[in-house]
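The next part holds the structures, each set out as structure tokens.
Next come two complexes built around chain A: one with chain B, the other with chain C.
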Partner chain A sequence: MAKRGLRWYGPLAPWILLAPTLLGLIVFRIVPIGGSLYLSFTDWNLLRNPEFVGLENYKEAFADPAFLQVVENTLFFSLIYVVGVMVLGLALAVLVNRKMRGSNFFRACYYLPVVTSAVAVGIVWSWMLSPRYGAINLLLEALGIKPPYWLGDPAWALPTVAFIQVWKMAGYYMMIFLAGLQDIPLSVKEAAIVDGANPRQTFFRVTLPMLSPTTFFVFTVALIDSFKNFELIYAMTRGGPQNATNTLVYDVYLNAFVHYRMGYSSAVAYILMAIVGFATLLNFYVKKHWVRTQY
Partner chain B sequence: MRNGKMPFLALLMIVFATVGAAAEDVTLQWWSWDVELKAQNEAIIQKFQAANPGVKVELSTMSTSEYWTKIRLLANQKKLPDVFEMSSGYIEEWAKEKLLLDLGPYIEKSFDKNDYYMSVFDAGKEIAGTGKYVAVPFALVTTVLFYNMDMFDKAGLAYPTDKWTWEDFRTAAKKLTVDTNKDGNTDQWGFWFYGRYAHVEPWVFANDGDLIDRTTMAYKPDAKAIEAMRFLTDLVLKDKSAPSKMAMSAYRQQDIFPQGVSAMWVDGSWNIDNNRTVADKKMRWGIAEIPAGPSGNRKYVNGWPDYFAISPFTKNADAAWKFAKFISGEGLDMKMYMAGKIPTYKSLTESPAFMDKGLMPANKDLLIKQAAKTFKTSYTLGWSEWRGYGAAENLGFNGVIDGIIDGAMSFDEGMKTADKNVNKILQRYYK
Partner chain C sequence: MKRALRILCYGLLILSAFAMAFPFIWMLLNSFNSESNIFKSPPSLLPDLLGTSRMWENYATVLREFHFARYSLNSLVISGLSALGQVVTCSLAGFVFALMKFRGKNLIFSAILLTMMVPVQVTIIPEFFVMMKLGWLDSYLPLIVPSVLVGSFGTFMFKEFYENIPPSLADAGIIDGAGPFTMYAKIYLPQSASQAATLFIIAFMNSWNDLLRPMLYISGDKLQTVTMALTQFQSQYSAKWNLLLAGSVLGVLPLLLMYVFLQRYIIESTVSSGIKG
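Our next item is the complex of A and B:
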């Protein structure tokens, strides 16, 4: 029996071939990540050299109610996003998973926002949501409903931006769910129908459980993705009104490139990484319990 | 020739060549954030190079956000461009970090003070806070009251004068707030503003108030400043002659007045340029002084310079100074200034070309009158963070004012929040 443990892979040739990629990975990913960790313990405004300050940045972050508000916004945004894209993605996938004319066209349509520039999406949506002459408000007012200030009211701004992010990305998850749906053998569904299951029962008792590996994957990716909302916030609300749409990612940008507090923003970035890492680890732990593979 | 002489002659030739090369072909790096003026700036360079053979200037232009990040990185490596644009918002920080060449000796020896508005130089020295001249101001900007003449005519009101009080303003704003299509929503606002520095500070200073206590460098608005802020927020909350921030969230802020949504507006004089572009011939408009508050003595104006600074690490200080002087007045004409920016070089400002005859506003000489007053600003270290400027506009002090006029917090709650948040930031910079 070969000894289990960490051993270098012997032959040299693969290492040489991998070297360029590894070099790129190290220089552009590992080194900055490590550098950022070091920076998070310093105070650096770019004009002079970094000054070591220990845990000051982390202490400042956790003592700041504005920062805690940012964390709350981030988690709330993630909640809306993850639930939104999973439900909408699955719904769209079920809809387009038919062999009828036009389903390919609709698949492309739903996927189009995914590949559209987030800045363009943000700008056009903010026009549609504008209080005067915005398409959405004109429509609602014609129906007699008085619309809120979608992006100007602190209570509505975050859910609105989160909804637009869901709208933009649902197509991507639709594709993943589609692949998962098509992977379910028809014979299983036919067996269910033969056993007397109605469509609803088939969906919830047969399709969904068999879809669980895909669902797990979607959940993990959506969770990680939910923290990446910088472009939309930058294009639509710039973190406002009054911190209402300021999420951790935007806060990192604000502190680094607007306030020039490189040390503090690195600390915020690491707190973000800790949150995402923890959520992902939790997810993998849970996987053992609710993912059933068909193989 | 004998063997001994050849190497000696060769050595001489090399020495002459290098000394010769050092005596000519000085290359200066010039950094600017005025993307709209790129072509004009290149023309200025041609003029300078023609008048100064042996000196070459290379211009780098980029948008402000890119500019500041890149130039800060250069500062960190001690490799700044020889001449670079500097703003009043950052000059204090840069001066304190000794990243701007002390221009005192040059100003004393190779500079004619009569050619320039020295008051602007002194304002710059004060904002920089190190007691030295560290940059050459090439333009001054002030804040003015823009007003829509057509709307005033329709309402039968006389145009604002420099004798206007806040009561005059308030009455006019109410009369100019109109629901033109009678659908229950205001279509024309008498006035509009939000927490922006160029919207709030002019009123504070027009009442002789101050937001910052300069002796302790703390945020401590005096009673006159609070009176000014209450006056402004009451326009929205009580008089309803100005909108909430939420209601104006669809527009680019500088387009609201020239698009005819608001009859009056207070902001920087540099908006004259955008007003001309957006409003074109569709409306007649003018500029006036900010009305004086109950405690105001019409002495102060919210104005500040833009500068050119010289790198303290430059190897060509004399050439850089010559060039900085050239691009601050000597080498310029009015075409090279954005409309509404006031040259510090007297002969330009006092020339007929400054008046832009035939274009609005008809009374551009108001800016010259303003240039003679005392300038006040709220600039400090960390200003853009506590004030809420640019990408941080929805936060900071800006966000507090917005919150008050949006009804998210009462005036007193807002003042308490501002006190806590702003001072927390200021204490970090002024330990």
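Our next item is the complex of A and C:
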């Protein structure tokens, strides 16, 4: 190789082979990232030239109760999502980790919603939750429970959509937890059993602490993932009713491509970026200091 | 006690499987309902068209009158080309980062990794402006080109893989007088068939399920993707659940078939990608 003095490529070769990636990096990443930062300080409707307004967009956003509700919705969605996929993912992983007949089939089953599109998932769930003919309501009514108006009720819409995202993605986190569970040496668990620990003690005192690197990793991945809810919200509620399911990703779309307020929308996008950036730093930190295994 | 635990476990496994699969079963069943039967109260568990000569009526309507065949073809072309292109550019970039030395290499590689976390909402407005200025609106290009040219995860995966190939392979190539392109195409790329397949699947699924870009870039009927068509169909024919559900079945069918045949592969690949697209 090069170290031994044999040159098998000229000085231009790396640049030629890297040309498509470099072009993409500049045109679709670096320039737009810088561009939207600039736009966030302007007033622009796409047609005339952007007009510089300083911090006006950010000031407007934080003074607007509707926007503060969007931030609150985003964080509430994240909370439900992160807690939901962690609890459900771990529970499913523990279940399929037991050596039982058919556990591969069950794994495949739990992973099924992960590969389907959020739009199709949104349509099916909207049908199942529809007020008069939905399967869920008919079931609840048969049990004597009066169902709420799910997607039509501002108090219920957001938790409902967040729960459906949890349902869709739980299988994904199950697989990460499963890899973590299988990394715990069997001898450790056996030692606990020999020492007289019952299954519950073994789980809470041995398995769970040894799983903590995986748990932290899952936490940060789920946190980053929790902001990506545009498709499901578009397919189910379009931000409604009364702004109740409007999140930052949806608000960017709404302001930019429905109201054509490109500058304000860029400011919203940068507020989202700040939150995601924080979650990503956390992820890097956790990967570096906690996680021994590579996923 | 042990027996009871076993039964409890199976009970929970089956219950969870039911919760995960039920919406899909319900979607499939109801797609065989006629318009009147779907709103019957109390509901009939079995769809009325199933097994009759009109069984495929909803599907025929959706394919004929609502052009779902055309949309599926669009999605197939867009996702296939996006995925193929991404495999080529990412393997090239991974090869360069793993085997070549040049000024600015670390800086460029860090930029690729760092910009991976940036949400699409941050870049989409300038990107839309670029596409508008290029005159690419209402064509396949804005749906294919960005995902072909920007593949952080794929670049990272190929780099890791090529770095771990013993240098003797490169040495043999050098002795045979291979130039950089031969080295990539004839010696390294064939080694990474399974990485290429993994990346192809992830990129294909991401592109198939994408909604934001088709919504912004495609306004005519002819070039719509299945995913986007479903949302439009939903707002126009919100009461025709039987047709909407038949359309949804058609929309997820290609991915479900991929999943059934490449299951192990898909699970491993999406998990190793760390973050879904």
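In the analysis below, the second predicted complex is superposed on the first by the 254 of 295 C-alpha atoms of A that agree within 3 Å, B and C clash if a C-alpha of one lies under 4 Å from a C-alpha of the other, contacts with A are read in each partner's own complex, and residues count from 1 in each chain.
Here is the rule we go by: a contact is a pair of C-beta atoms (placed from the backbone, for glycine too) under 8 Å apart; a residue touches a chain by one contact, two chains touch by 3 or more.
Nothing here was measured: the structure is a model prediction, and the numbers come from that model.
Trainee: Please work out whether A:49 is in contact with chain B alone, chain C alone, both, or neither, and reply first, second, both or neither.
Mentor: First partner only.
Trainee: Quick check for you: in the superposed arrangement, does A:230 touch first (chain B), second (chain C), both or neither?
Mentor: A:230: touches chain C, not chain B.
Trainee: After lining up the shared chain so the two structures overlap, which partner does A:100 touch, if you call chain B first and chain C second: first, second, both or neither?
Mentor: Once the two structures are laid over each other on A, A:100 reaches chain C alone.
Trainee: Of the two partner chains, chain B (first) and chain C (second), which one does A:259 touch, if any: first, second, both, or neither?
Mentor: Touch status of A:259: first partner only.
Trainee: Quick one: name whichever of chain B and chain C touches more residues of chain A.
Mentor: The partner making contact with more of chain A's residues is C.
Trainee: After lining up the shared chain so the two structures overlap, which partner does A:117 touch, if you call chain B first and chain C second: first, second, both or neither?
Mentor: After superposition on chain A, A:117 lies in contact with chain C alone.
Trainee: So, A:66: does it touch chain B (first), chain C (second), both, or neither?
Mentor: Once the two structures are laid over each other on A, A:66 reaches chain B alone.
Trainee: By the touch definition at the top of the document, which applies to A:135: first (chain B), second (chain C), both, or neither?
Mentor: In the superposed model, A:135 contacts chain C only, not chain B.
Trainee: Determine, under the contact definition given at the top, whether A:127 touches first (chain B), second (chain C), both, or neither.
Mentor: both
Trainee: Under the stated touch criterion, which partner chain does A:197 make contact with: chain B (first), chain C (second), both, or neither?
Mentor: neither
Trainee: Shared contact residues on chain A, chain B side and chain C side combined as an intersection?
Mentor: Shared contact residues on chain A (touching chain B in one complex, chain C in the other): 46, 127, 130, 132-133, 234, 253, 257.
Trainee: Provide the residue numbers of chain A that touch chain C in the complex, in ascending order.
Mentor: Residues 1-2, 6, 8-11, 13-15, 17-18, 20-25, 27-33, 35-36, 39, 46, 92, 95-96, 98, 100, 102-103, 105-121, 123-125, 127-128, 130, 132-133, 135, 138, 167, 169, 171-172, 175-176, 179, 199, 221, 224-225, 227-228, 230-231, 234-235, 248-249, 252-253, 256-257, 262, 265-266, 269-270, 272-273, 276-277, 280, 295.
Trainee: For chain C, which residues are in contact with chain A within the complex?
Mentor: Listed in rising order, the residues are 5-6, 9-10, 12-13, 16-17, 19-21, 23-24, 26-27, 30, 38-39, 41-43, 88-90, 92-93, 95-96, 99-102, 105, 108, 111-112, 115, 117-119, 121-130, 132, 146, 148-151, 155, 167, 170-171, 173-174, 178-181, 183-184, 205, 208-209, 211-212, 215-216, 227, 230-231, 234, 241, 244-245, 248, 251-252, 255-256, 258-259, 263, 266-267, 270-272, 274-276.
Trainee: Any idea which chain A residues touch chain B in the complex?
Mentor: Answer in residue numbers: 45-49, 66, 126-127, 130-134, 149, 151-154, 234, 237-243, 246, 253-254, 257-260.
Trainee: Residue numbers of chain B touching chain A in their complex, please.
Mentor: 65, 68-69, 72-73, 75-76, 93-94, 97, 99, 244-250, 382, 384-385, 390-395, 399-400, 402-403, 406, 408, 421
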